[in-house]
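There are structures below to look over.
Look at the two complexes coming up: chain A is in both, with chain B in one and chain C in the other.
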Partner chain A sequence: MIMIFGVPGPLLFGQLLLGLINGAFYAMLSLGLAVIFGMLNIINFAHGALFMMGAFAAWMLLNYVGIGYFPALILAPLLVGIFGVIIEKTIISRLYKLDHLYGLLLTFGMSLVIEGLFRNAYGSSGLPYRIPDILQGATNLGFMYMPNYRGWVVLAAMVVCFSTWAIIEKTSLGATLRAATENAPLVQAFGVNVPRLITLTYAGGVALAAFAGVLAAPIYSVNPNMGSNFINTVFAVVVIGGMGSIMGSILTGFGLGVVEGLTKVFYPQASATVVFLVMVIVLLVRPRGLFGKAA
Partner chain B sequence: MALSRRSALLTAAALPLIRPARAQAAKIKIGVLNDQSGPYTNTGGITSVICTKQALEDFGVSAKGLDVEVISADHQNKPDLAVSIVRQWFDRDGVDVLLDVPTSSVGLAVQSVAREKNKVYLNVGAATSALTGAQCSPNLIHWCYDTYMLSKSTGGAMVKAGGDSWYFLTADYAFGKQLQGDTSRIVTDSGGKVMGAAPYPFPGTTDFSSFLVQAQASGAKVLGLANAGGDTVNSIKQAHEFGLNNSMKIAALLMFITDVHALGLDTAAGLNLTESFYWDLNDGTRAFTKRVLPKTPKNYPNMIHAGCYSATLHYLKTVAAMGAAEAKKNGVATIDHMKAMPVEDDCFGKTIIRADGRNLVSSYLFEVKTPAESKGPWDYYKLKATTPGDEAFRPMADGHCDFIKA
Partner chain C sequence: MFGFSRAQSIAFILMVVLIAVCPFVLYPVFLMRVLTAALFACSFNLMIGYVGLLSFGQAAFFGMGSYVAAWTMKAWHVDASVAIVLGGLTGAALGLVLGYLAIRRSGIYFAMITLALAQMVYFFCLEAPFTGGEDGIQQVPRGHLFGLIDLNNDMTMYWVTAAVFIGGFLLVHRIIHSPFGQVLKGIRENEPRATSLGYRTDDYKLIAFVLSCMIAGVAGGTKALVFGIATLTDVHYSTSGEVVLTTLLGGLGTVFGPAVGALVVTSMENYLAQFGAWVTVTQGAIFMICVLAFRRGIIGELGAFLKISL
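The block that comes next holds the complex of A and B.
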């Protein structure tokens, strides 16, 4: 058996793959954050709560209406996206002229309220959500036993991340969006409805979080705290990747998933800290983040 | 305007400080301190408070001329926060009894405060056996379970059934380490061996896949889960995903009925676990559950909730015997009185409290029913074995509790 740093090779490959799977969640969540920050200048701390709402929406669709997993992958982001439109229109839009910190505090407060309401209604132990039958079981890859559902998560996350990137970077809608980020009054002068564009961007970012929530529902228990467990790490990912950088947040998301996975092999106690260690180093060496443009 | 409003607020805030606490000398105050918003909310939380109040009702405090108040707070699983709440309760709010206090790190942190202020500390929710061992206190009674009892019951049964090599998935704090340590001892004493352990950061770990794959690679026969609450639920769920349940046996060393409910019988069926209370165990437990359930319909009582009830009831009996003023005066004396009186209630039957503060309840090994076997809501457990209280816990001499020797 090949040994790498005293760890059997197959085990290490397995851990790399698992890291990639976790990275998929980081990438999807940080992508939404990056899009929202890039467009709205809002540090959306409510992202974790919206991720949790996505998972709960899937659970509710199944248990109250009888709608299964695959339709929920579309419907739950749609529902949470509509919720996003409502809070953007009624609350967040009032803060655009103020400093970032106000947006951060407001969305942080909102996430506490949302989580509190769900905790009140559903308790903290979590609710069961089954893996859809077609994705049950696992495949033996030789070096590890790979659950089919996790394979699907990586695939779905990659498709969603790269299509989001393509929409923003390669289409005319994306071009308008990027232009509005650079200079909103000028774009408005060309007849583009910038406030609506902003609302839709927020809804889009929120829908991404909800999509990740639905993907997460069968793996983690659906509980009100599931988002807050992720959100700190995801913010670190955004900072490391460079605030507002789309591709940066995707690549950093997957990359840090792998780093974290390797830490779990060599020194598990530090696996929750390693991402922040990387963040400190990146901020010291390259304050604008790995992929961020110079200010 | 702003200034006058501020000074008005300050005055209002200071008022309770000025009001003399002595005016209500005979009033008994019970403070329930637990997790009311985090991962252990359902295993303790508000249901613990409800069960505490149930004890007041069943005892008939007002009919017996006692004035008892129950207050509660959320410690958020933070030892530092808990210590400052407890200091405030003792120093300013006149709290006499500290109750529940789950999360071992927190339960241990407030131990010294209760001792320093000479108050009554009835720990129900924390698991660590250090509470009646190396870090014991004459002000404490540890009510209905601990890590030693869990590992002896669940761990012992696993080894007997052929699971003689173990790999641990351990929450990296006081509780997880103690549970892993206690179980390792049981495993090695019964001729088994420990192949390894993955101590993961607590709280904040949601993905256990890396550790599960390492456990699988270790070749051990049993996966010992030295964790609790949401972590246990997540790790069992993910173990099934990776097919670990086919190659290894899973020992959920601390699992409550609330966790089984969260997991669903599809996944939980067949698990072995230990509690000292089950709502459908006998006529007493059913009667208690019937009384308390209308107040907490979504969360059936587990052993912690029942423990809060039982501990409060026994304390109230002691207060009635000693007189409220006497019971408030000296924590150690009240605890000694509680130890001298036999305990009896609907939840745990008749038990005795040992000199080191260990309440010797019986422990029950349960197997989780399959969906087909379950006949109604929360009908989850089959009783497999009973360990009587005097055998269930660590012998007092092995605990090395310092105030016993003195």
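The block that comes next holds the complex of A and C.
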């Protein structure tokens, strides 16, 4: 058996893979938060609840309608995205003229309502979601056995993250979006429907959370608390990365997942807190965050 | 005295009378829950209402105060008064460290950082041996205050809790109406201007944060004394959310808002407890209604209606 730093190779790579998976979720969630914050100037506290709704949507599609995993990967984000459009249009849009903190409080209240309703309907013990047949089993990579589904999650998350980056940085829609983030009234003067753009941005960020939720469904049990377990760490990730750059959110998310995985190998007691410790160090050394713009 | 206006003096006397009369009508243990929640909300209000910083990690200071008070009473058999003081000191010390980090950012980042730091404290309490993990510290003896007054009687305990609350309430009010408090309000309104006038705004914010955390620690210590228990719920972020709700509902930046909010939220929890997760749904709904239509809160609206500042 190969030993690396006194640790068996398969253990190290196994934890690294787990770290990458957590990192994939951090990246997708903090990316959505950053996109929404850039456009709407609110921190979407309901992001964890919407992630959970994505997982539940996949479970419901399977158990009530008989729609499997791969169609759900498209349909669940679409459904949750439509839900996002409705709440942005009816509720969140009323807050744009107020202090940003009200947006935080409102979406916090929203997450309590959503999680409470799901807890009433489905309990908090969690519902199983089967890994699709094609992704069952594991592959021998030579240095370790990789469960196929976990490899798929990392791959899918990377594709989605980099597509989002490409849309925002490389397309004309993305250019309009970035322009509206900088100066909304000016972009509106050019004839762009900015309120619609805002709604679509919110829906997009929310759909990203729901997509992450579907990916998470077979790994964690589908339960009403699955989002709130993640979201506090994701906030630390956002503080570490700073919300200035899309690529920054992606890299910080994956990077911190890996750091967490490595901590599990070398000092397991600290694995739950290591992301927060990194945040403390970043605040001391570079308060605006690794990729943040100067205030 | 204490910078009360005429209307506020009348409201204060009314509050003291209510505190004195209520235990003869209502269950004292319930009222003690209200009073500790009210003191906790007063500590939060000091930050959001007068410095303009939304701390989403207030439970860390409340919970650590509660743990330290419970542990010292159970393991060292310290006097109840010492335990409460230790709870306050714990809150202040933790507030100094976490505040030093958090005030480096403001606005929405401050909220996220305090939330994340509080989550770190939560994980610490989950792992640390002295907190008793999932079980918490249970069956903490109330003992005798100053070695003389038997606190096992609920009525006696109630008067002590009431005294702690009124003391904390007056302290917050005194802080706000001191020259120091005026500078805080100046920072809230226009920080660059306060800086240009020569105030070290970060120092002021940090001192206010430490004071707020100290009072939260006192509230936590008192809670541990009253109920003889300190658990992970005290440091959980839902407790932080609850104190935000309490203050928002009562009225951010009002003198009596936190107390009124605590009465409403605690009563609601009491009556809705049998309906399981509906408590959470109701709290969330109240949050949303407050933000959308009722931003001044109960006392803020009442004050606006009567054209006085309460």
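Heads up, the rule we're going with is that the second predicted complex is superposed on the first by the 287 of 295 C-alpha atoms of A that agree within 3 Å, B and C clash if a C-alpha of one lies under 4 Å from a C-alpha of the other, contacts with A are read in each partner's own complex, and residues count from 1 in each chain.
By our rule, a contact is a pair of C-beta atoms (placed from the backbone, for glycine too) under 8 Å apart; a residue touches a chain by one contact, two chains touch by 3 or more.
Not measured: the values here are computed from a predicted model.
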* Fit-or-clash call for chain B and chain C when the two complexes are aligned on chain A -> clash
* Asked: Is A:A166 in contact with chain B, with chain C, with both, or with neither (first, second, both, neither)?
  -> neither
* Could you tell me if A:G116 is touching chain B, chain C, both of them or neither one (first, second, both, neither)? => both
* Of the partners chain B and chain C, which touch A:Q269 in the superposed model: first, second, both, neither? -> both
* With the two structures laid over each other on chain A, which partner does A:V65 touch: chain B (first), chain C (second), both, or neither? -> neither
* Touching A:I82 in the superposition: chain B (first), chain C (second), both, neither? -> neither
* To do: Would you check which partner chain A:I134 touches, where first means chain B only, second means chain C only, and both and neither mean what they say?
  => neither
* Asked: Which holds for A:Y102: it touches chain B only (first), chain C only (second), both, or neither?
  -> second
* Of the stretches 22-30, 40-48, 76-84 or 310-318, which one of chain B hits chain C? -> 76-84
* Structure fact -> Where chain B and chain C land on the same part of chain A: residues 116, 119, 232, 269, 272-273
* **Interface residues, chain A side, partner chain B - complex** => 8, 10-11, 14-15, 18-19, 21-22, 116, 119, 123-128, 130-131, 138, 144-145, 147, 149-150, 219-221, 223, 225-226, 229-230, 232, 261, 264-265, 268-273
* Asked: Which chain A residues qualify as touching chain C in the complex?
  -> 37, 43, 91, 94-95, 98, 100-102, 104-106, 108-117, 119-120, 232-233, 235-236, 238-239, 269, 272-273, 276-277, 279-280, 283-284, 287-288
* Along chain B, where are the residues that touch chain A in the complex? -> 37-43, 45, 172, 198-201, 203-207, 209-211, 213-214, 216-217, 229-230, 233-234, 237-238, 241-243, 258-259, 261-264, 266-267, 298-299
* Structure fact -> Residue positions on chain C within touch of chain A in the complex are 54, 56, 101-102, 104-105, 107-109, 111-113, 115-117, 119-120, 123-124, 126-127, 237, 241, 244-245, 248, 276-281, 283-288, 290-292, 295
